[in-house]
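What follows is a set of structures for review.
Each of the next two complexes has subunit A plus one more chain, namely subunit B in the first and subunit C in the second.
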Partner chain A sequence: MNGPHDLGGMQGLGAIPIEENEPVFHSEWEAKVFAMSFATFSTFFPVDETRHAAERIPAGEYLSASYYERWLAALELLLTEHGWLTPAEIEDRITHLRQTES
Partner chain B sequence: MTIETSNQCMTAAAAKALLQQGLSCQVNSDLPPQFQVGDLVQAKVVHPATYTRLPRYVRGKVGTVMQDHGVYVFPDTVGQRLATKPQHVYSVRFSAQALWGQAAPASDALYLDLFDDHLEVP
Partner chain C sequence: MTTHHHRPESEIALRVKAIESLLVEKGIVDPAALDTIIEHYEHQVGPHVGAQIVAKAWVDPDFKRRLLADGTGAIAELGLTGFSSEHMIVVENTATVHNLIVCTLCSCYPWAILGLPPTWYKSLAYRSRAVIEPRSVLAEFGLVLPDTVEVRVWDSNADLRYLVLPERPDGTDGLSEEALAALVTRNAMIGTAKVQPPSAPTPIAA
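After this line comes the complex of A and B, so read on.
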(Lines of atoms letter the chains of each structure in order from A and count residues from 1; the text may use other names and numbers.)
(Lines give C-alpha, C1' and ligand atoms only; values in the text may rest on other atoms or scores of the structure.)
Protein backbone atom coordinates (compact mmCIF):
# COMPACT_ATOMS: atom_id res chain seq x y z
CA MET A 1 0.00 0.00 0.00
CA ASN A 2 1.07 3.59 -0.52
CA GLY A 3 1.35 4.16 3.21
CA PRO A 4 3.44 6.37 5.48
CA HIS A 5 6.09 3.64 5.81
CA ASP A 6 7.22 4.14 2.19
CA LEU A 7 9.46 7.10 2.97
CA GLY A 8 11.93 6.87 0.08
CA GLY A 9 12.22 10.28 -1.55
CA MET A 10 10.12 12.06 1.08
CA GLN A 11 11.50 15.41 2.24
CA GLY A 12 10.97 17.55 5.32
CA LEU A 13 11.37 14.84 7.95
CA GLY A 14 14.53 16.32 9.48
CA ALA A 15 17.75 14.60 10.45
CA ILE A 16 17.77 11.05 11.79
CA PRO A 17 18.54 11.26 15.53
CA ILE A 18 21.51 9.04 16.32
CA GLU A 19 21.98 8.14 19.99
CA GLU A 20 25.37 7.27 21.37
CA ASN A 21 25.34 3.85 23.09
CA GLU A 22 21.70 3.41 22.20
CA PRO A 23 20.05 0.77 24.43
CA VAL A 24 18.13 -2.12 22.85
CA PHE A 25 15.02 -0.98 24.73
CA HIS A 26 14.38 2.50 26.07
CA SER A 27 11.99 1.29 28.74
CA GLU A 28 10.59 -1.94 30.12
CA TRP A 29 7.31 -1.75 28.18
CA GLU A 30 9.23 -1.85 24.90
CA ALA A 31 10.80 -5.17 25.89
CA LYS A 32 7.36 -6.52 26.76
CA VAL A 33 5.92 -5.41 23.42
CA PHE A 34 8.84 -7.05 21.64
CA ALA A 35 8.34 -10.31 23.57
CA MET A 36 4.57 -10.42 22.94
CA SER A 37 4.96 -9.65 19.24
CA PHE A 38 7.87 -12.03 18.76
CA ALA A 39 5.92 -14.88 20.35
CA THR A 40 3.31 -14.50 17.58
CA PHE A 41 5.81 -14.34 14.67
CA SER A 42 5.00 -17.19 12.28
CA THR A 43 3.01 -19.09 14.95
CA PHE A 44 -0.02 -16.78 14.88
CA PHE A 45 0.79 -14.23 12.19
CA PRO A 46 3.12 -14.47 9.18
CA VAL A 47 5.72 -11.73 9.69
CA ASP A 48 4.67 -9.94 6.51
CA GLU A 49 1.13 -9.74 7.86
CA THR A 50 2.57 -8.05 10.96
CA ARG A 51 4.50 -5.60 8.80
CA HIS A 52 1.39 -4.76 6.81
CA ALA A 53 -0.56 -4.25 10.03
CA ALA A 54 1.96 -1.57 11.07
CA GLU A 55 1.60 0.08 7.66
CA ARG A 56 -2.16 0.32 8.18
CA ILE A 57 -1.76 2.60 11.21
CA PRO A 58 -3.32 5.94 10.14
CA ALA A 59 -0.60 8.04 8.49
CA GLY A 60 -0.58 10.88 11.04
CA GLU A 61 -0.30 8.45 13.95
CA TYR A 62 2.31 6.31 12.17
CA LEU A 63 4.64 9.24 11.55
CA SER A 64 4.45 10.50 15.15
CA ALA A 65 4.58 7.07 16.84
CA SER A 66 7.78 5.54 18.21
CA TYR A 67 9.10 2.27 16.85
CA TYR A 68 7.61 0.01 19.52
CA GLU A 69 4.37 2.00 19.64
CA ARG A 70 3.96 0.84 16.02
CA TRP A 71 4.70 -2.75 17.03
CA LEU A 72 2.06 -2.55 19.75
CA ALA A 73 -0.54 -1.01 17.42
CA ALA A 74 0.14 -3.72 14.82
CA LEU A 75 -0.18 -6.50 17.41
CA GLU A 76 -3.44 -5.10 18.79
CA LEU A 77 -4.83 -4.74 15.26
CA LEU A 78 -4.06 -8.37 14.36
CA LEU A 79 -5.24 -9.80 17.68
CA THR A 80 -8.59 -8.03 17.29
CA GLU A 81 -8.98 -8.67 13.54
CA HIS A 82 -8.45 -12.39 14.03
CA GLY A 83 -10.81 -12.49 16.98
CA TRP A 84 -8.29 -13.44 19.69
CA LEU A 85 -9.23 -10.34 21.67
CA THR A 86 -11.86 -7.64 21.40
CA PRO A 87 -10.98 -3.92 21.55
CA ALA A 88 -13.15 -3.77 24.70
CA GLU A 89 -11.03 -6.47 26.38
CA ILE A 90 -7.87 -4.48 25.64
CA GLU A 91 -9.45 -1.29 27.02
CA ASP A 92 -10.66 -3.12 30.13
CA ARG A 93 -7.17 -4.45 30.76
CA ILE A 94 -5.65 -0.98 30.35
CA THR A 95 -8.20 0.41 32.85
CA HIS A 96 -7.50 -2.42 35.28
CA LEU A 97 -3.72 -1.95 35.10
CA ARG A 98 -4.06 1.80 35.50
CA GLN A 99 -6.10 1.31 38.69
CA THR A 100 -3.86 -1.34 40.21
CA GLU A 101 -0.54 0.29 39.35
CA SER A 102 -1.34 3.83 40.47
CA MET B 1 -7.08 -17.04 3.15
CA THR B 2 -4.99 -20.12 2.45
CA ILE B 3 -1.99 -19.68 4.76
CA GLU B 4 -2.89 -21.26 8.08
CA THR B 5 -0.79 -20.71 11.19
CA SER B 6 -0.32 -23.17 14.04
CA ASN B 7 -1.83 -20.78 16.61
CA GLN B 8 0.28 -22.57 19.21
CA CYS B 9 2.17 -20.53 21.76
CA MET B 10 5.90 -20.47 21.09
CA THR B 11 8.05 -22.09 23.75
CA ALA B 12 10.89 -20.09 25.29
CA ALA B 13 13.37 -22.47 23.68
CA ALA B 14 11.78 -22.00 20.25
CA ALA B 15 11.79 -18.23 20.72
CA LYS B 16 15.48 -18.27 21.65
CA ALA B 17 16.35 -20.36 18.60
CA LEU B 18 14.31 -18.09 16.31
CA LEU B 19 15.96 -15.01 17.76
CA GLN B 20 19.46 -16.43 17.31
CA GLN B 21 19.04 -18.11 13.94
CA GLY B 22 16.33 -16.05 12.29
CA LEU B 23 13.84 -17.52 9.87
CA SER B 24 14.80 -18.33 6.30
CA CYS B 25 12.19 -17.53 3.67
CA GLN B 26 14.19 -19.29 0.96
CA VAL B 27 12.49 -22.17 -0.86
CA ASN B 28 14.25 -25.22 -2.27
CA SER B 29 12.90 -25.12 -5.82
CA ASP B 30 14.00 -25.59 -9.42
CA LEU B 31 11.53 -22.94 -10.59
CA PRO B 32 13.09 -21.20 -13.61
CA PRO B 33 13.92 -17.49 -13.27
CA GLN B 34 12.00 -14.99 -15.42
CA PHE B 35 15.14 -12.87 -15.84
CA GLN B 36 18.88 -13.38 -16.22
CA VAL B 37 21.84 -11.47 -14.79
CA GLY B 38 22.49 -8.54 -17.15
CA ASP B 39 18.84 -8.19 -18.26
CA LEU B 40 17.20 -4.77 -18.28
CA VAL B 41 14.01 -4.90 -16.23
CA GLN B 42 11.25 -2.41 -15.52
CA ALA B 43 9.56 -2.18 -12.13
CA LYS B 44 5.80 -2.46 -12.65
CA VAL B 45 3.58 0.56 -12.19
CA VAL B 46 1.13 -0.75 -9.61
CA HIS B 47 -0.54 0.74 -6.55
CA PRO B 48 -1.86 -2.20 -4.54
CA ALA B 49 -3.75 -1.34 -1.37
CA THR B 50 -2.24 -4.50 0.12
CA TYR B 51 1.29 -5.36 1.27
CA THR B 52 4.11 -4.92 -1.24
CA ARG B 53 7.91 -4.81 -1.21
CA LEU B 54 7.94 -2.59 -4.30
CA PRO B 55 8.64 0.98 -3.18
CA ARG B 56 6.81 3.85 -4.88
CA TYR B 57 9.91 5.65 -6.07
CA VAL B 58 11.06 2.75 -8.24
CA ARG B 59 7.78 1.95 -10.01
CA GLY B 60 8.11 2.41 -13.77
CA LYS B 61 11.91 2.75 -13.55
CA VAL B 62 14.34 0.61 -15.53
CA GLY B 63 17.26 -1.16 -13.89
CA THR B 64 19.70 -4.02 -14.48
CA VAL B 65 19.60 -7.48 -12.90
CA MET B 66 22.95 -7.86 -11.10
CA GLN B 67 22.39 -11.10 -9.17
CA ASP B 68 19.83 -13.86 -8.78
CA HIS B 69 19.44 -14.60 -5.04
CA GLY B 70 17.36 -17.74 -5.60
CA VAL B 71 13.74 -18.63 -4.84
CA TYR B 72 11.88 -17.14 -1.86
CA VAL B 73 8.30 -16.92 -0.65
CA PHE B 74 6.56 -13.79 -1.95
CA PRO B 75 5.90 -11.30 0.87
CA ASP B 76 3.25 -9.45 -1.15
CA THR B 77 0.91 -12.47 -1.01
CA VAL B 78 2.15 -13.87 2.33
CA GLY B 79 1.22 -10.50 3.87
CA GLN B 80 -2.40 -11.19 2.89
CA ARG B 81 -2.15 -14.89 3.87
CA LEU B 82 -3.08 -15.72 0.28
CA ALA B 83 -0.22 -17.95 -0.88
CA THR B 84 3.52 -18.38 -0.49
CA LYS B 85 3.91 -18.03 -4.31
CA PRO B 86 7.67 -18.81 -4.37
CA GLN B 87 9.67 -16.99 -7.03
CA HIS B 88 13.13 -15.65 -7.84
CA VAL B 89 14.52 -12.60 -6.08
CA TYR B 90 17.09 -10.43 -7.83
CA SER B 91 19.41 -7.65 -6.86
CA VAL B 92 18.43 -4.94 -9.34
CA ARG B 93 20.65 -1.90 -9.89
CA PHE B 94 18.98 1.43 -10.55
CA SER B 95 21.14 4.47 -11.30
CA ALA B 96 20.54 7.36 -8.91
CA GLN B 97 19.81 9.56 -11.90
CA ALA B 98 17.11 7.18 -13.15
CA LEU B 99 15.39 7.49 -9.77
CA TRP B 100 16.09 11.08 -8.74
CA GLY B 101 16.98 12.95 -11.92
CA GLN B 102 20.05 14.62 -13.37
CA ALA B 103 20.92 16.40 -10.11
CA ALA B 104 21.86 13.03 -8.54
CA PRO B 105 25.55 12.03 -8.75
CA ALA B 106 26.16 10.11 -12.00
CA SER B 107 28.20 7.41 -10.24
CA ASP B 108 25.60 6.64 -7.54
CA ALA B 109 23.27 3.66 -7.78
CA LEU B 110 20.71 1.88 -5.63
CA TYR B 111 20.48 -1.92 -5.40
CA LEU B 112 17.00 -3.22 -4.58
CA ASP B 113 15.98 -6.81 -3.94
CA LEU B 114 12.90 -7.35 -6.12
CA PHE B 115 10.80 -10.40 -6.98
CA ASP B 116 9.76 -11.78 -10.39
CA ASP B 117 6.22 -10.43 -9.90
CA HIS B 118 7.56 -6.88 -9.40
CA LEU B 119 9.32 -6.84 -12.75
CA GLU B 120 8.57 -6.86 -16.47
CA VAL B 121 10.46 -6.53 -19.75
CA PRO B 122 10.94 -2.79 -20.51
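After this line comes the complex of A and C, so read on.
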Protein backbone atom coordinates (compact mmCIF):
# COMPACT_ATOMS: atom_id res chain seq x y z
CA MET A 1 0.00 0.00 0.00
CA ASN A 2 1.35 3.42 -0.91
CA GLY A 3 1.88 5.95 1.87
CA PRO A 4 4.52 8.07 3.57
CA HIS A 5 6.24 4.90 4.79
CA ASP A 6 6.97 3.76 1.21
CA LEU A 7 10.31 5.56 1.14
CA GLY A 8 12.34 3.52 -1.34
CA GLY A 9 13.81 5.91 -3.91
CA MET A 10 12.58 9.12 -2.29
CA GLN A 11 15.10 11.97 -2.62
CA GLY A 12 16.16 14.84 -0.44
CA LEU A 13 16.28 13.08 2.92
CA GLY A 14 19.90 13.94 3.58
CA ALA A 15 22.95 12.14 4.93
CA ILE A 16 22.82 8.85 6.83
CA PRO A 17 22.81 9.65 10.59
CA ILE A 18 25.63 7.36 11.70
CA GLU A 19 26.24 7.26 15.46
CA GLU A 20 29.27 5.44 16.86
CA ASN A 21 28.73 3.15 19.86
CA GLU A 22 25.02 3.77 19.84
CA PRO A 23 23.02 2.55 22.86
CA VAL A 24 20.08 0.17 22.20
CA PHE A 25 17.70 2.84 23.53
CA HIS A 26 18.50 6.54 23.83
CA SER A 27 16.19 7.20 26.76
CA GLU A 28 13.95 5.42 29.24
CA TRP A 29 10.84 6.43 27.31
CA GLU A 30 12.13 4.80 24.13
CA ALA A 31 12.71 1.56 26.04
CA LYS A 32 9.23 1.75 27.58
CA VAL A 33 7.53 2.42 24.23
CA PHE A 34 9.35 -0.56 22.75
CA ALA A 35 8.46 -2.83 25.68
CA MET A 36 4.79 -1.78 25.85
CA SER A 37 4.45 -2.26 22.11
CA PHE A 38 6.18 -5.65 22.26
CA ALA A 39 4.04 -6.75 25.20
CA THR A 40 0.81 -5.77 23.46
CA PHE A 41 1.59 -6.87 19.93
CA SER A 42 2.49 -10.31 21.11
CA THR A 43 -0.73 -10.51 23.15
CA PHE A 44 -3.51 -8.20 22.00
CA PHE A 45 -2.76 -7.14 18.44
CA PRO A 46 -1.13 -9.04 15.58
CA VAL A 47 2.22 -7.45 14.75
CA ASP A 48 0.95 -6.65 11.24
CA GLU A 49 -1.74 -4.48 12.78
CA THR A 50 0.99 -2.52 14.58
CA ARG A 51 2.75 -1.91 11.27
CA HIS A 52 -0.50 -0.86 9.66
CA ALA A 53 -1.08 1.59 12.53
CA ALA A 54 2.34 3.18 11.92
CA GLU A 55 1.54 3.42 8.20
CA ARG A 56 -1.66 5.35 9.01
CA ILE A 57 0.26 8.18 10.72
CA PRO A 58 -0.37 11.37 8.68
CA ALA A 59 2.47 12.03 6.23
CA GLY A 60 3.74 15.27 7.79
CA GLU A 61 3.88 13.68 11.21
CA TYR A 62 5.41 10.45 9.88
CA LEU A 63 8.23 12.29 8.16
CA SER A 64 9.03 14.61 11.08
CA ALA A 65 8.74 12.17 14.00
CA SER A 66 11.60 10.12 15.39
CA TYR A 67 11.43 6.32 15.14
CA TYR A 68 10.05 5.66 18.61
CA GLU A 69 7.67 8.62 18.33
CA ARG A 70 6.13 6.73 15.41
CA TRP A 71 5.94 3.61 17.57
CA LEU A 72 4.25 5.66 20.30
CA ALA A 73 1.73 7.06 17.82
CA ALA A 74 0.96 3.53 16.56
CA LEU A 75 0.63 2.18 20.10
CA GLU A 76 -1.76 4.97 21.12
CA LEU A 77 -3.82 4.49 17.99
CA LEU A 78 -4.25 0.77 18.63
CA LEU A 79 -4.90 1.07 22.36
CA THR A 80 -7.62 3.66 21.77
CA GLU A 81 -9.15 1.97 18.70
CA HIS A 82 -9.44 -1.29 20.59
CA GLY A 83 -10.97 0.48 23.56
CA TRP A 84 -8.23 -0.37 26.09
CA LEU A 85 -7.69 3.35 26.76
CA THR A 86 -9.57 6.48 25.76
CA PRO A 87 -7.83 9.64 24.51
CA ALA A 88 -9.45 11.54 27.43
CA GLU A 89 -7.98 9.10 29.97
CA ILE A 90 -4.51 9.65 28.54
CA GLU A 91 -4.84 13.44 28.58
CA ASP A 92 -6.25 13.40 32.13
CA ARG A 93 -3.39 11.23 33.35
CA ILE A 94 -0.83 13.54 31.72
CA THR A 95 -2.41 16.52 33.50
CA HIS A 96 -2.40 14.63 36.78
CA LEU A 97 1.25 13.58 36.42
CA ARG A 98 2.26 17.11 35.50
CA GLN A 99 0.60 18.44 38.66
CA THR A 100 2.06 15.82 40.97
CA GLU A 101 5.55 16.10 39.48
CA SER A 102 5.81 19.89 39.53
CA MET B 1 23.91 12.79 15.57
CA THR B 2 20.70 14.67 15.99
CA THR B 3 17.40 12.93 16.49
CA HIS B 4 14.77 15.49 15.81
CA HIS B 5 11.59 15.10 17.78
CA HIS B 6 8.72 17.33 16.79
CA ARG B 7 7.65 17.51 20.43
CA PRO B 8 9.92 18.29 23.38
CA GLU B 9 11.52 15.18 24.85
CA SER B 10 10.05 15.84 28.31
CA GLU B 11 6.51 15.98 26.86
CA ILE B 12 6.97 12.64 25.15
CA ALA B 13 8.40 11.09 28.32
CA LEU B 14 5.39 12.30 30.30
CA ARG B 15 2.97 10.91 27.72
CA VAL B 16 4.71 7.53 27.80
CA LYS B 17 4.59 7.52 31.60
CA ALA B 18 0.85 8.30 31.53
CA ILE B 19 0.13 5.45 29.12
CA GLU B 20 2.32 3.04 31.07
CA SER B 21 0.62 3.87 34.40
CA LEU B 22 -2.83 3.37 32.86
CA LEU B 23 -1.89 0.06 31.23
CA VAL B 24 -0.37 -1.22 34.47
CA GLU B 25 -3.42 -0.14 36.54
CA LYS B 26 -5.76 -1.92 34.15
CA GLY B 27 -3.64 -5.05 34.21
CA ILE B 28 -2.96 -4.85 30.46
CA VAL B 29 0.80 -4.91 30.92
CA ASP B 30 2.88 -6.29 33.77
CA PRO B 31 5.76 -3.99 34.82
CA ALA B 32 8.04 -6.99 35.41
CA ALA B 33 7.35 -8.18 31.86
CA LEU B 34 8.33 -4.75 30.51
CA ASP B 35 11.63 -4.93 32.39
CA THR B 36 12.26 -8.43 31.05
CA ILE B 37 11.65 -7.30 27.46
CA ILE B 38 13.99 -4.31 27.84
CA GLU B 39 16.68 -6.46 29.48
CA HIS B 40 16.45 -9.05 26.70
CA TYR B 41 16.94 -6.51 23.92
CA GLU B 42 19.56 -4.45 25.76
CA HIS B 43 21.70 -7.33 26.96
CA GLN B 44 20.78 -10.79 25.63
CA VAL B 45 20.46 -10.53 21.87
CA GLY B 46 22.79 -8.57 19.63
CA PRO B 47 25.32 -8.87 16.83
CA HIS B 48 27.30 -11.47 18.81
CA VAL B 49 24.60 -13.99 17.82
CA GLY B 50 25.00 -13.31 14.11
CA ALA B 51 28.78 -13.35 14.51
CA GLN B 52 28.59 -16.97 15.73
CA ILE B 53 26.68 -17.93 12.57
CA VAL B 54 29.23 -16.19 10.33
CA ALA B 55 32.24 -17.74 12.09
CA LYS B 56 30.69 -21.19 11.88
CA ALA B 57 30.15 -20.73 8.13
CA TRP B 58 33.77 -19.66 7.71
CA VAL B 59 35.16 -22.79 9.37
CA ASP B 60 32.60 -25.39 8.27
CA PRO B 61 32.03 -25.57 4.48
CA ASP B 62 29.10 -27.98 4.83
CA PHE B 63 27.34 -25.61 7.25
CA LYS B 64 28.05 -22.69 4.90
CA ARG B 65 26.45 -24.59 2.02
CA ARG B 66 23.34 -25.29 4.11
CA LEU B 67 23.25 -21.69 5.39
CA LEU B 68 23.25 -20.22 1.88
CA ALA B 69 20.76 -22.80 0.56
CA ASP B 70 18.35 -22.58 3.51
CA GLY B 71 19.19 -19.83 6.00
CA THR B 72 16.17 -20.55 8.18
CA GLY B 73 17.03 -24.25 8.54
CA ALA B 74 20.76 -23.77 9.14
CA ILE B 75 20.18 -21.09 11.80
CA ALA B 76 17.66 -23.39 13.48
CA GLU B 77 20.35 -26.11 13.63
CA LEU B 78 22.33 -23.80 15.90
CA GLY B 79 19.26 -23.09 18.02
CA LEU B 80 19.46 -19.39 17.20
CA THR B 81 16.02 -18.89 15.66
CA GLY B 82 13.92 -16.30 17.45
CA PHE B 83 11.25 -13.63 17.23
CA SER B 84 11.46 -11.56 14.08
CA SER B 85 13.99 -13.93 12.52
CA GLU B 86 11.71 -16.84 11.68
CA HIS B 87 12.40 -16.76 7.94
CA MET B 88 15.96 -15.95 6.94
CA ILE B 89 17.88 -15.62 3.70
CA VAL B 90 21.67 -15.40 3.95
CA VAL B 91 23.55 -13.71 1.10
CA GLU B 92 27.28 -14.10 0.57
CA ASN B 93 29.74 -11.31 -0.12
CA THR B 94 32.60 -12.25 -2.45
CA ALA B 95 35.39 -10.49 -4.31
CA THR B 96 32.88 -9.64 -7.07
CA VAL B 97 29.51 -9.29 -5.29
CA HIS B 98 28.63 -7.04 -2.36
CA ASN B 99 25.23 -7.37 -0.65
CA LEU B 100 23.44 -4.66 1.31
CA ILE B 101 20.31 -5.05 3.46
CA VAL B 102 17.63 -2.39 3.93
CA CYS B 103 13.96 -2.18 4.90
CA THR B 104 12.49 0.63 2.78
CA LEU B 105 9.04 0.33 4.36
CA CYS B 106 10.07 0.51 8.01
CA SER B 107 12.74 -1.27 9.99
CA CYS B 108 12.45 -5.04 9.39
CA TYR B 109 15.63 -6.63 10.74
CA PRO B 110 16.57 -10.01 12.21
CA TRP B 111 16.16 -9.10 15.88
CA ALA B 112 17.08 -12.51 17.27
CA ILE B 113 20.32 -12.52 15.27
CA LEU B 114 21.49 -8.89 15.29
CA GLY B 115 19.45 -7.32 18.12
CA LEU B 116 17.45 -4.15 17.47
CA PRO B 117 18.56 -2.10 14.46
CA PRO B 118 20.71 1.02 14.85
CA THR B 119 19.13 4.44 14.26
CA TRP B 120 20.76 4.83 10.85
CA TYR B 121 19.10 1.61 9.61
CA LYS B 122 15.71 3.04 10.64
CA SER B 123 16.44 6.53 9.28
CA LEU B 124 14.45 8.00 6.39
CA ALA B 125 17.76 8.74 4.60
CA TYR B 126 18.99 5.12 4.63
CA ARG B 127 15.59 3.66 3.78
CA SER B 128 15.14 5.96 0.78
CA ARG B 129 18.67 6.03 -0.57
CA ALA B 130 19.95 2.45 -0.15
CA VAL B 131 17.88 1.30 -3.12
CA ILE B 132 18.75 4.08 -5.57
CA GLU B 133 22.30 5.05 -4.69
CA PRO B 134 23.80 2.21 -2.64
CA ARG B 135 27.37 3.10 -3.60
CA SER B 136 27.13 6.64 -2.25
CA VAL B 137 25.42 5.30 0.89
CA LEU B 138 28.30 2.84 1.36
CA ALA B 139 30.81 5.65 0.82
CA GLU B 140 29.24 7.50 3.78
CA PHE B 141 30.16 4.45 5.86
CA GLY B 142 33.71 4.70 4.51
CA LEU B 143 33.28 1.73 2.18
CA VAL B 144 34.18 2.61 -1.40
CA LEU B 145 33.71 -0.29 -3.79
CA PRO B 146 35.30 -0.52 -7.25
CA ASP B 147 32.84 -0.38 -10.16
CA THR B 148 33.79 -3.97 -11.01
CA VAL B 149 32.06 -5.16 -7.82
CA GLU B 150 28.35 -5.77 -8.31
CA VAL B 151 26.16 -4.33 -5.54
CA ARG B 152 22.97 -6.21 -4.68
CA VAL B 153 20.44 -4.54 -2.38
CA TRP B 154 17.88 -6.67 -0.53
CA ASP B 155 14.68 -5.07 0.76
CA SER B 156 13.48 -6.85 3.91
CA ASN B 157 9.84 -7.29 4.76
CA ALA B 158 7.63 -8.32 7.62
CA ASP B 159 8.02 -12.03 6.97
CA LEU B 160 11.49 -12.36 5.49
CA ARG B 161 14.75 -11.02 6.92
CA TYR B 162 18.28 -11.09 5.52
CA LEU B 163 21.80 -11.57 6.85
CA VAL B 164 25.01 -10.84 4.95
CA LEU B 165 27.73 -13.48 5.15
CA PRO B 166 30.80 -11.22 4.90
CA GLU B 167 34.11 -12.26 3.35
CA ARG B 168 36.57 -13.84 5.73
CA PRO B 169 39.52 -11.45 5.96
CA ASP B 170 43.08 -12.46 5.06
CA GLY B 171 45.46 -13.36 7.83
CA THR B 172 42.92 -15.35 9.85
CA ASP B 173 43.95 -18.90 8.92
CA GLY B 174 44.97 -20.04 12.36
CA LEU B 175 42.14 -18.39 14.30
CA SER B 176 39.59 -20.33 16.32
CA GLU B 177 35.88 -20.04 15.57
CA GLU B 178 35.50 -17.90 18.69
CA ALA B 179 38.33 -15.57 17.69
CA LEU B 180 36.83 -15.26 14.22
CA ALA B 181 33.41 -14.40 15.66
CA ALA B 182 35.02 -11.58 17.64
CA LEU B 183 36.08 -9.92 14.36
CA VAL B 184 32.56 -9.85 12.88
CA THR B 185 30.70 -6.55 13.29
CA ARG B 186 27.03 -5.67 13.01
CA ASN B 187 27.63 -3.42 10.00
CA ALA B 188 29.48 -6.22 8.19
CA MET B 189 26.37 -8.41 8.58
CA ILE B 190 24.13 -5.66 7.13
CA GLY B 191 26.62 -4.91 4.36
CA THR B 192 27.76 -1.39 5.28
CA ALA B 193 31.25 -2.59 6.24
CA LYS B 194 33.74 -5.36 5.57
CA VAL B 195 35.23 -7.49 8.31
CA GLN B 196 38.70 -6.16 9.08
CA PRO B 197 41.68 -8.46 9.64
CA PRO B 198 42.85 -8.77 13.25
CA SER B 199 45.07 -5.83 14.12
CA ALA B 200 48.70 -6.70 13.71
CA PRO B 201 50.57 -7.28 16.98
CA THR B 202 52.64 -4.30 18.03
CA PRO B 203 56.25 -5.00 17.05
CA ILE B 204 58.54 -5.26 20.02
CA ALA B 205 61.10 -2.49 19.92
CA ALA B 206 64.43 -4.04 19.15
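The criterion applied here is as follows: the second predicted complex is superposed on the first by the 102 of 102 C-alpha atoms of A that agree within 3 Å, B and C clash if a C-alpha of one lies under 4 Å from a C-alpha of the other, contacts with A are read in each partner's own complex, and residues count from 1 in each chain.
Quick note on the criterion: a contact is a pair of C-beta atoms (placed from the backbone, for glycine too) under 8 Å apart; a residue touches a chain by one contact, two chains touch by 3 or more.
As the structure is a computational prediction, the values presented were derived from the model and not from experiment.
Novice: Check whether A:E28 is in contact with subunit B, with subunit C, with both or with neither, and answer first, second, both or neither.
Specialist: A:E28: touches subunit C, not subunit B.
Novice: In the overlay, answer first, second, both or neither for which of subunit B and subunit C A:V47 touches.
Specialist: A:V47 contacts both subunit B and subunit C.
Novice: Figure out whether A:A59 sits in contact with subunit B (first) or subunit C (second), or with both, or with neither.
Specialist: The answer is neither, since A:A59 touches no partner chain.
Novice: Thinking of the overlay built on chain A, is A:I94 touched by subunit B (first), by subunit C (second), by both, or by neither?
Specialist: In the superposition, A:I94 contacts subunit C only.
Novice: Looking at A:N2 after the superposition, I want to know if it touches subunit B, subunit C, both of them or none. Which is it: first, second, both, neither?
Specialist: Touch status of A:N2: first partner only.
Novice: Between subunit B and subunit C, point out the one touching more subunit A residues.
Specialist: In the superposed model, C touches more residues of subunit A.
Novice: Just subunit B (first), just subunit C (second), both, or neither: which does A:F38 touch?
Specialist: both
Novice: Per the definitions at the top, what is the overlap between the subunit A residues touching subunit B and those touching subunit C?
Specialist: 6, 8-9, 38-40, 42, 44, 47-48, 51
Novice: Can you check the complex and tell me which residues of subunit C touch subunit A?
Specialist: 1-7, 9, 12-23, 26, 28-30, 33-35, 37-38, 41-42, 83, 102, 104-107, 115-116, 118-120, 122-129, 131-132, 137, 140-141, 155, 158
Novice: Tell me, which parts of subunit A touch subunit C in their complex?
Specialist: 5-11, 13-19, 22, 24-29, 31-36, 38-40, 42, 44, 47-48, 51, 54, 61, 63-67, 69, 72, 75-76, 79, 84-85, 89-90, 93-94, 96-98, 101
Novice: In their complex, what parts of subunit B are in touch with subunit A?
Specialist: Residue positions touching the partner: 3, 5-10, 15, 18-19, 23, 47-52, 55-58, 75-76, 78-81, 99-100.
Novice: Where on subunit A does subunit B make contact in their complex?
Specialist: Residues 1-2, 6, 8-9, 38-49, 51-52, 55 of subunit A touch subunit B in their complex.
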